[in-house]
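Next come the structures, one after another.
The following pair of complexes shares a single chain, chain A, combined with chain B in the former and chain C in the latter.
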Partner chain A sequence: MSTLAVGAQLRARRSERVPERARRMAIGALAVVVVLAAWQVVGDLGLVRKEFIGTPLGTLSAGGHLLADGELWSNAQSSLLAFAIGFGISIAIGVPLGLLMGWSRISRELAQAPILMLYVTPRLALLPVIVVWLGIATQAKVVVVVIGAVIPIVINTMAGVRDVDPRLIQVARSFGAGRLGLFTKILLPSATPLMLAGVRLAVGSAVLGVVIAELYVSTSGIGDLISTYGQSYDTDYVVFLVLLTAVFGWAVSALVQVVERRVERWRA
Partner chain B sequence: MKGERLPSVNPRPLVLGLLSLAALAGLWQLLAATGTVNTFLTSSPSRVATALVAQIRAGILGRDVATSMEELGIGFAMAAFAGVAVGLAVGRYRTAEYAVNPFVSIGYSAPFVALYPVFTVLFGLGRPTVIATAFLLGVFPIVVNTARGVKGVDPKLVQVARSFGAREAQIFYKITLPASVKAVMAGLRLGLGQTLLGVIIGELFVGNAGLGYEISYYGGLERTDQMLAAVVVTGLLGIVLTGLVGLIERQIDAWRPDIGGR
Partner chain C sequence: MTNEGGDVGRAGAHAVEVDRLEVAYPARRGREPSVVIRDMSFQVDEGEFVTIVGPSGAGKTTLLLAIDGLIEPSGGEVRVKGRRVTGPGPDRAMVFQEFGLLPWRTVLGNVMLGIELGRLDRAQGERRARELIRLVGLAGYEEHHPHQLSGGMRQRVGLARALAVAPDVLLMDEPFGALDAQTRELMGVELSRIWELDRKTVLFVTHDIDEAVYLADRVIVLSANPARVRRVIDVTLPRPRTREVRASVEFLAHREQLASLLFDADASPLQETVG
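The block that comes next holds the complex of A and B.
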């Protein structure tokens, strides 16, 4: 096929994409609106008591109240702080450990068993243990984030290093690359996509970890707010905060995905 | 996700892995024995083992494991059924994909357990609420992976089948399902892990029995030995269940006819 034909085909595909994207947005929006309307109607008609399921409009006004009196922001700050510190630590530990485990066989064989065990364990089961050890302050929340987030990062980074095409390494070696050169020029760039995928997977665990830790025992944060409103059956408030958390988790994952795509394009 | 190599038969990783686990336990025991750490807080492997034996003797452990497994079984069955059904539709039909996508994106990272006060009123205290939490955590990975598997089916296979006069149902049973079974199984494995997590978290908050409840209960009393014994059993449960699914995956993989072109 000539280059021209390929170009034409690419253009054709791109022009197809615009209506497809519009269709996707339209159908998605429609589905959301239908569900929200049904929810509002069920609540308004009292098919299920409003106190239990809330309503979309109620949720919206609950959000307005929370924003207006500053309650949301002060608690969000506390949660965000724990998330950011915990996630930072997870990357700082997880990436080097994963690289080491991918690179050296002995370290992989030694560390893999404990890490895989932690990987398949419901790690939030450690929550009460952490509370006994560290109390209910920020450091406890940070530790909960780290135990949730660090394992997927380690495992994916390791897999990334091990996935490197051995031919690349051979070629680099035969052109006289040293260990450092091999590492920075071949292994690190090749491992980056999977490493980022691990970071993206870790976002969900980290977000869930913060909120559940706060929900379990805390004196501040989004989880603590949820707990307070939950106990008084202010469901609109609870739903708003749960959705807010979910949107936050989604947004951070999407952000990592943008970085992933950038890296992929740059590699190509 | 790609970090999923099947374990090799080579005994070296197993031996070294056990060695490192033993070393960690030994270090922990040593720190406790020499009084470097306060055993009231950190316990020690021998104390945890003693607590474990006591819990088994008293029949507490058996009852807790049974409760958690029952909740897991029901929650996972629901999540698997709903997740695979929705995932198949989402993978096969664009319209379904576009309609379901916003809910999946949000549902994937929603802390559903936060709704436990409402669940308790709607479904009842304890078990039903735990099952609801477990279901909601487990269903999304299953939907996503099933859909991915179905979308990954080589369209040429479907075209060929069509041109030989296959009907939609035949295409589904003969091509889509066998070709996507690997991704579906991967989704089920992830979903099982998440469902177990949902059971444990649910029990931490609203359980009146089960491993999560036990961990939380002993945590509240600061009885570290007993608490860690329950944590260890929870971990073992995770390992055993994952191993079991891995085994089934390999069976299916061996049995599966070579279809899907990958």
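The block that comes next holds the complex of A and C.
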């Protein structure tokens, strides 16, 4: 049977599973509802002090307050700015560096050790130095973001380049490709899936970087809000902000995944 | 460019001339340099379909890579139309055993690769690419990706891609080796049909004795370790090579001659010329 006929058969089977998929989603939604209900009850009945875990309804109400008096939006803007700049710089540095390290053995051997050391250094440990250097404004946050986010991008991009099928390089050379042709027509497209995976992995690191920097040294931003409300035991506010951050990180990550899937239509 | 004009191509020069070719891989720690090809000489005329057979590891792929300019000889030289080969060029194109298609490109994109790299006219190139896609029997599959194609179809793309740059010489490195036996036989008939339309100079490496005889005007038999030309056999079967030819007595005779040459100690002296 030809590959195309087999593919058609698989697609037919997959569409039969739609009712099964809907059932799985329903079960998942039910589980979430059960957890939320239990959470609310535990708080209301005083089984665990509300200061420790908050309640779902309390969390929603806290969110409502934050939105209403504009506190949320102004701080979110500050965090978003640092995130966007930091993430953008991470990509702008990480991709070319990863490409270079993948392509040239010398640069790979030179840069690998420092990057590994940076990878294992906790960003918090570097915060005091960064603050002394750049103060407690957006620049410091951006640096914290970049330190963390650039590494998965570099490593994955580098892996993407090194992973190139050497036979494809031979094919391109046989058709007269020079170094530029090899780079644009073989290396780049071949490395793109791994590169995007690196960008996706960097999202979590970037979000964490903003919040961490703000928790300790900032006077604005979501992390700063978390710190303030945490200190006054307004747990519902803290829970809401943490969930908001998590949802944001997930959303950006999902966006990258959409791009990944579009680019990877050619994978079997 | 890639063909040095030491002596400008002479009219009447062979399409491909391999002249005392030697290819050695450099010495590695503690080891001698390994000589893969030594003192190999043969000529191929324009419009000839030559198949190259020999035991595994005989350096057949190395020979094609040297003719394509991807490997530098350590001795002797290769000339195409009288000009020495010093690197890849638009006058030669290769079809690879493992297809070598770019998975992220469509069929059309893949066929266009050589045209893009050679910086030929894009519009004209695309027209030719589409014609060739039709010629190899893949009309309608222009927007498909390689993973959606069977092995035979992928190799058709490889063939179209090579033909798209209008080379003088077509080099084929066991192009049907990765296909099942049925597809292989079918592709052989297809290739013969396509070749009849244009009669390019073809060098076709294969393990398959039937294939070697069926497709060729001449069969070059190599010896191994290091590789050199052992015998050249003329194939006097009628053209075009239809499937009926494959069952004919003459075909079996040629096949047997080649087989005994490869497998037995003494070969039958029927119709041979030493290249």
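Convention: the second predicted complex is superposed on the first by the 253 of 268 C-alpha atoms of A that agree within 3 Å, B and C clash if a C-alpha of one lies under 4 Å from a C-alpha of the other, contacts with A are read in each partner's own complex, and residues count from 1 in each chain.
Keep in mind that, in the parts below, a residue touches a chain if its C-beta (ideal position, glycine included) is under 8 Å from a C-beta of that chain, and two chains touch if they have at least 3 such contacts.
Predicted model, so just to flag it, every value in this text is computed and none were measured.
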Chain B versus chain C as contact partner of A:L208, first or second or both or neither: first
First (chain B), second (chain C), both or neither touched by A:G176: second
Partner chain in contact with A:V242 - chain B first, chain C second, else both or neither: first
Chain A residues touched - chain C or chain B, whichever exceeds: B
Chain B versus chain C as contact partner of A:P122, first or second or both or neither: first
Partner chain(s) touched by A:V146 [first = chain B, second = chain C, both, neither]: neither
First (chain B), second (chain C), both or neither touched by A:W250: first
First (chain B), second (chain C), both or neither touched by A:S190: second
Residues of chain A at both interfaces, chain B in one complex, chain C in the other: none
Chain A partner contacts - residues on chain B that touch it in the complex: 1-3, 5, 12-14, 16-21, 24, 41-42, 95, 98-103, 105-118, 121-122, 193, 196-197, 199-201, 204-205, 211-212, 215-216, 218-220, 222, 224, 227-228, 231, 234-235, 238-239, 241-242
Touching residues (chain side chain A, partner chain C) in the complex: 2-4, 7, 167-168, 170-177, 181, 185-186, 189-190, 192, 265-268
Sites on chain C touched by chain A in the complex: 2, 68, 70, 88-90, 93-94, 96, 98, 100, 102-105, 113-114, 116-118, 145-150, 165
Residue ranges of chain A touching chain B (in the complex, touch as defined): 23-24, 27-28, 30-32, 35, 48, 52-53, 106, 108-114, 117-118, 120-129, 131-133, 155-156, 158-160, 163, 194, 197-198, 201, 203-204, 207-208, 211-212, 215-216, 223, 226-227, 230-231, 233, 235, 238-239, 241-243, 245-250, 253
